[in-house]
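Chain nomenclature is as follows: A, B, C, D and E, assigned in order of appearance, with residue numbering initiated at 1 for each chain independently.
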């Protein structure tokens, strides 16, 4: 039952259009740097802007129309989080860029959703871009969504490609005033977002880990060509996952060591913690790769063993009968002078001879451990 | 006999539930950092606290109910070791946290039993977490237990997941006042615990080493598909072992170089020694991996050689008899005009011809070194 | 249809002369360093010199005969770009060398079109040489063209092997006064050229990425030996691509960190951006290599699986019929005393026996999951 | 002849007990560090102490009973070399330890003969431990013996596991006052011993190199399964050799850079030389590994090629005869109405047809290059 | 034609004695360091000394008997180049050593022709030793010759193993006063020699590159076991080449960065150029290794594909005829009661049945894409 579900899934995988190895961005070539050109799929819905402002005592959470409504003065004593779902509205982004005084290259990196995770320190603000991962368990496929964060002294801007994210926990903690989040600065908020993204990786790795273990169990029980395709599929996902996660380590490492006044000592301790998580995630991805390579080897050896066993048994059957057929052929000849043909007991005797031949060969093969 | 025991063991391995590649921690995602959530299996028994206090002349060893009973003032001149068997009692841990002034992230790392080995210097105290390994020789499976150590100026806190550990030797040395352990500070005690953990790795590697050697001996004598599964099993254990041990080297390296006043010069020499042991353990794990890869290659080549030999012999038998059968078929034909059929000596002559044919082919194959 | 086009393409690949692994330069050995000897193909056309001069308000774009016409004095306040299509006119290059005071080794590197990408700081000017790539989608072949850039305080010299380049976008931005290019110095122009080259790599990787994905789709649907050749072809292209791109990273890294007064702070930010792109390109090439290795493994396993299946079925057919043929052979014998021959129902009975034998073997193979 | 010797040797290898991958030391776990516990085989003979004292003009060489007899005062102007054959006499070692004021961990490292090569600077003396290798050419097996050196201002202590070493050359040079050895300090003596050990590695690598070359020659001439075992054996030896030699490089590198006053400038030049040799040895071991991997690939391909050739020829023979047998079978049928049976020339005609069939198939296979 | 030449060449390779993986030097073990012992083949001819002295205006080139004749005083203003063909005349070398005040280890390195390329700065002079390569295109074999250079303030000593070198170009430039060589110091001369050696590597890599490309072409056209041996041969050469070239990079890197007053600023620029070449050569060797690995994979896959195709066709032929033979066997039985035997049209009908069977199986195999 489980197996047929699996093979159905594998069939779907075969037919489903593969995600691109590289997002199209060739139409960008030759344009001046800083030109905003959206790279990636354009979602149907309009960009929605959500603006959360808080201090220890109050919290306001609202959808706004224009980013200008969210601009907080630095001396208000409040922390602001502006979240955009969608980066395909280029005029809007330019507006934000001039409002928050962002470098054109930052805007370019935000709209180019195929960017490698990176961190940059622009003195007035910190910029970082990374990947949010979604895992479709049924198709066993990882899809990525780029999240960019801009951290100023008292505000955090987050840019996502689509609706739906992993920040719900952070919003709840803000709303419920749980933990220290409302008592600390914008840097802690940025950390909390980063942490939420990294934590979500663990959930995905867990699911993949379980599927790999299930794959291993099936493989040990009953290797089939369909398992080969699934191993291949997971190996490919791991290659893409690795490409998304490796730069993250470097990014957080640099962020943690950067001596920007925007990141307080207190938050730095927490960043070290995220850094540890990142390393653990990388370790796990590498472990999965090793395990998958091991499974592939095991699959190939097992299949080849079984095949060999089958062929051996079949060949032995043929080998036992071919000489017997020859003997039968001998006494089917029509020579005039074949004395054996006329003896009384030659027919039963021949049966005996053939049984002895077959038995002897059987024992010989047995002794040689060929059977 | 040994072999059937082995194959039984291999069967058990197939059926036994595989240990997880990654412990479940997804329910943690979205919670504020520093929230204590226990990650890992929860043992049935309650957490037991054991408290050992000593100086050069006295030693007190008792089970206590609350950690507060173990708090030693820094100027008592005594060294204290507080050991907890179990990290699933979160209120108790929070109590300890406030008693010893531990950072919330430290407590989080202690209860998250899937943590990567790491070391952190919090000025007032040092924190390190590592893996204690248990090896089940029958199942050839390694299980891990997380041990966390907190070192203050005059106390060591150790947190274990379960009852049962590798610290019995240290306790005996304390009790019998053997070696220098009672004469030195808390840092030496922490070192002694670390050393006990690392030393226990050697014992495990030894057992694995012996099993690998036995595997090699069996493989050279009689390769079987079951051996393939065992090689695969050991390779997988090595991947997991490696993941547990590699970070240890870094950990101890940083600990040894850290210039914390909590670690005295005298103890630093001993840490260098543990560091050497760690490197040797890593070397050994890598060597085992190389040896196992070699065994896998050897297995595949040997199996393929044997298979080829069998197929060749069988094919040669068939090849000798097929032409003979053809000849017999010829003289089984019912043509009216086949002069040979009526000759006096054609039947014995045919036998002769066939013997010569078979012999000739045999010699030909022999000469070609196909047999 | 698509497939036959593919196989035709593959055939062309087989016949088309392979590009050299290493350009001939052995005739250079033993000559004094600094001797100008052109290494590479000599194009038929004469070297054309194009000279663009601009400031914020004016732009002049003209073909000139001699490089001397393009020499700008440093205090003119204008920026000059001199482009040469062709590096095989050695006297012309020597003329330029003395005009701009270039080191003989620089000229040597320019004419040696097999040079590894590199950057060198000569205080008065910066020199860098890199590869422009062209991708012939039909043949799936990458060809390289060397581009060398010399950056002085107010002029950029670019040397190309042939007509045709990726700089058209830069020229348009200059002509249309788009973006900041006309407002900034020669260093920004050099950056723009560098950026145009790096951007063109993305376009090529995209095309290759698509072809690899198509390859994967074909492979999953219908593996054929022709696909093997194409995988091999792409792997080979990747080896050559890698050789061209890896040094680029180092080059731009050094350029970005070099503290030459020729590169302003403003431009350095943009160089960091190009650096990021280079790393992303390298990541992508490595990912492609991994994917191709995975495809090769998949191809081999799939082919071997199919082959095994075929052989198994065929062998089973033979195995079923060989014993039956033997039985038929038995009753073709001519012994005088074979009682079965004379029984009334022995012929139909034999058919029955043979059907039961064949059916039994079929069920046996089925049960063993050999069919 | 040579081959049978080889196969005999290979058989011995199979039966001979394998050297341990890891020496037993588990009984050490839990003991206080600095406890002397001998790890390794205990030789039967008692520990012999040999003591050589010399200056430019005199040399005394004697066997002594107690190490105290060898203690030289620093201002005697003489250099002393104390050599112990055997490290299993723990009281003796403790005596030496207190005599020369050695750290307990040094003694522990000396008696633990499974230690990784390492160097440590204890201000008053330098300690280094490394492996002396012995090669048993007949069994193609490397055995290791641990040598530890302690260098004080005017004395060198060397500890060996067993009688028999590679220091005979050094002793002769001392005795004959050859080279500069009698004119320089204890550091030069230590260097000479180190150099003797490293030089002996070359001799071993040479022997192994010759055996590998012989293996390659045999493999090209006549691949056999026995060669596979030998390749595997050498690969395994290389893994163990590598484990012994790699740390040596680091050791000598640190020793050479350490600014201990115990090592004079003059000797440092010589240490650089030993360092070079160590790198060359590592290079050679890596080269051997690469060559062996190449041989394994070659073996597998060659064997598979030969096997395929054999199977192809056999299959072709069968393929030619099977249709012929079918034709013969046709005319062996007993239908009443088979006109061909009664024609005058049908029998010779059939022979002709069958010859044409066989010849046609032969030519067809030939044309297809299958034969 | 080409092919038979190739296979002849391959045969020669098989028989030709392989060059040693490691030159014999075991007889050196145990000798005091600095003892001159020639390691390598001893050429028959005597050592010839050639001495070139020059300044801007004059040049003297002569064969001398004793090295003393070549000693130039530092204030003569002339540059001297002393070249020795042969390093087996140990007394001569000792004479040179004392004449130029060389360290005994330098002399030892010069006569030990199996030395790893290295550079050492002895304040008064620089010493470097590297490999000159010769390529025998017919045998596809690289042979190495060690060249050692000693650079003093105004003289260069070069030591070669044999007559014949790659320095003819340098000599011509000196003679013809071409380029800057006569105008610069001894350091430039040393650079010119180094450059000549490195340039000669390119010529060799070119030849090998062409042979590899030819190999690839042959492989795509017609894979044969002989090609396997050639791939193996080239892989082996690459291993040895790599061992000779890798240390060179380090050597020149150190030389270039060393701040010896013996190397002027002007020459340092040229050394940077040689360094670039070295990296390019290493890149090329690594590329060749990758290409060869790709070829090996391709060969194995292609061979296995072809083999499988052959076996499949043969097996299909057998599979079609075996059931037909069975049918013929049926009607060859001698039962008294086989009604079909007596029907009028059963013989032609049987032919029809058999044709239908064969045709059906053919179509079935075709549909399954097995043919």
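Just so we're on the same page, a residue touches a chain if its C-beta (ideal position, glycine included) is under 8 Å from a C-beta of that chain, and two chains touch if they have at least 3 such contacts.
Quantities reported herein were computed from a predicted structural model and do not represent experimental measurements.
Q: Mind listing the chains that sit against subunit A and also against subunit E?
A: C
Q: Provide the C-alpha centroid distance between subunit B and subunit E, rounded to the nearest whole angstrom.
A: Taking the average C-alpha coordinate of subunit B and of subunit E, the gap between them is 42 Å.
Q: Subunit B to subunit D: how many Å between their CA centres?
A: A distance of 26 Å separates the two centres.
Q: Do you know which subunit C residues sit against two or more other chains?
A: 304, 311, 315, 318, 322, 325, 329, 332-334, 338 - these are the residues of subunit C that touch more than one other chain.
Q: Can you give me the ring order of the chains, beginning with subunit A and going next to subunit B?
A: Cycle of chains, anchored at subunit A and oriented toward subunit B: A, B, D, E, C.
Q: Under the touch definition given earlier, write down the residues of subunit C that touch subunit E in their complex.
A: Where subunit C meets subunit E, its residues are 14, 18, 20-22, 24-26, 28-35, 103, 105, 115-116, 118, 120, 225, 228-229, 232, 235-236, 239-240, 243, 247, 296, 299-300, 303-304, 307, 310-311, 314-315, 317-318, 321-322, 324-325, 328-329, 331-334, 338, 340-347, 350.
Q: Considering the complex alone, what residue numbers of subunit A touch subunit B?
A: 166, 168-170, 172-173, 178-181, 192, 195-196, 199-200, 202-203, 205-206, 209-210, 212-213, 216-217, 220-221, 269-270, 272-273, 276, 279-280, 283-284, 287-288, 290-291, 294, 297-298, 301-302, 304-305, 308, 311-312, 315-316, 318-319, 322-323, 325-326, 329-330, 332-338, 368, 370
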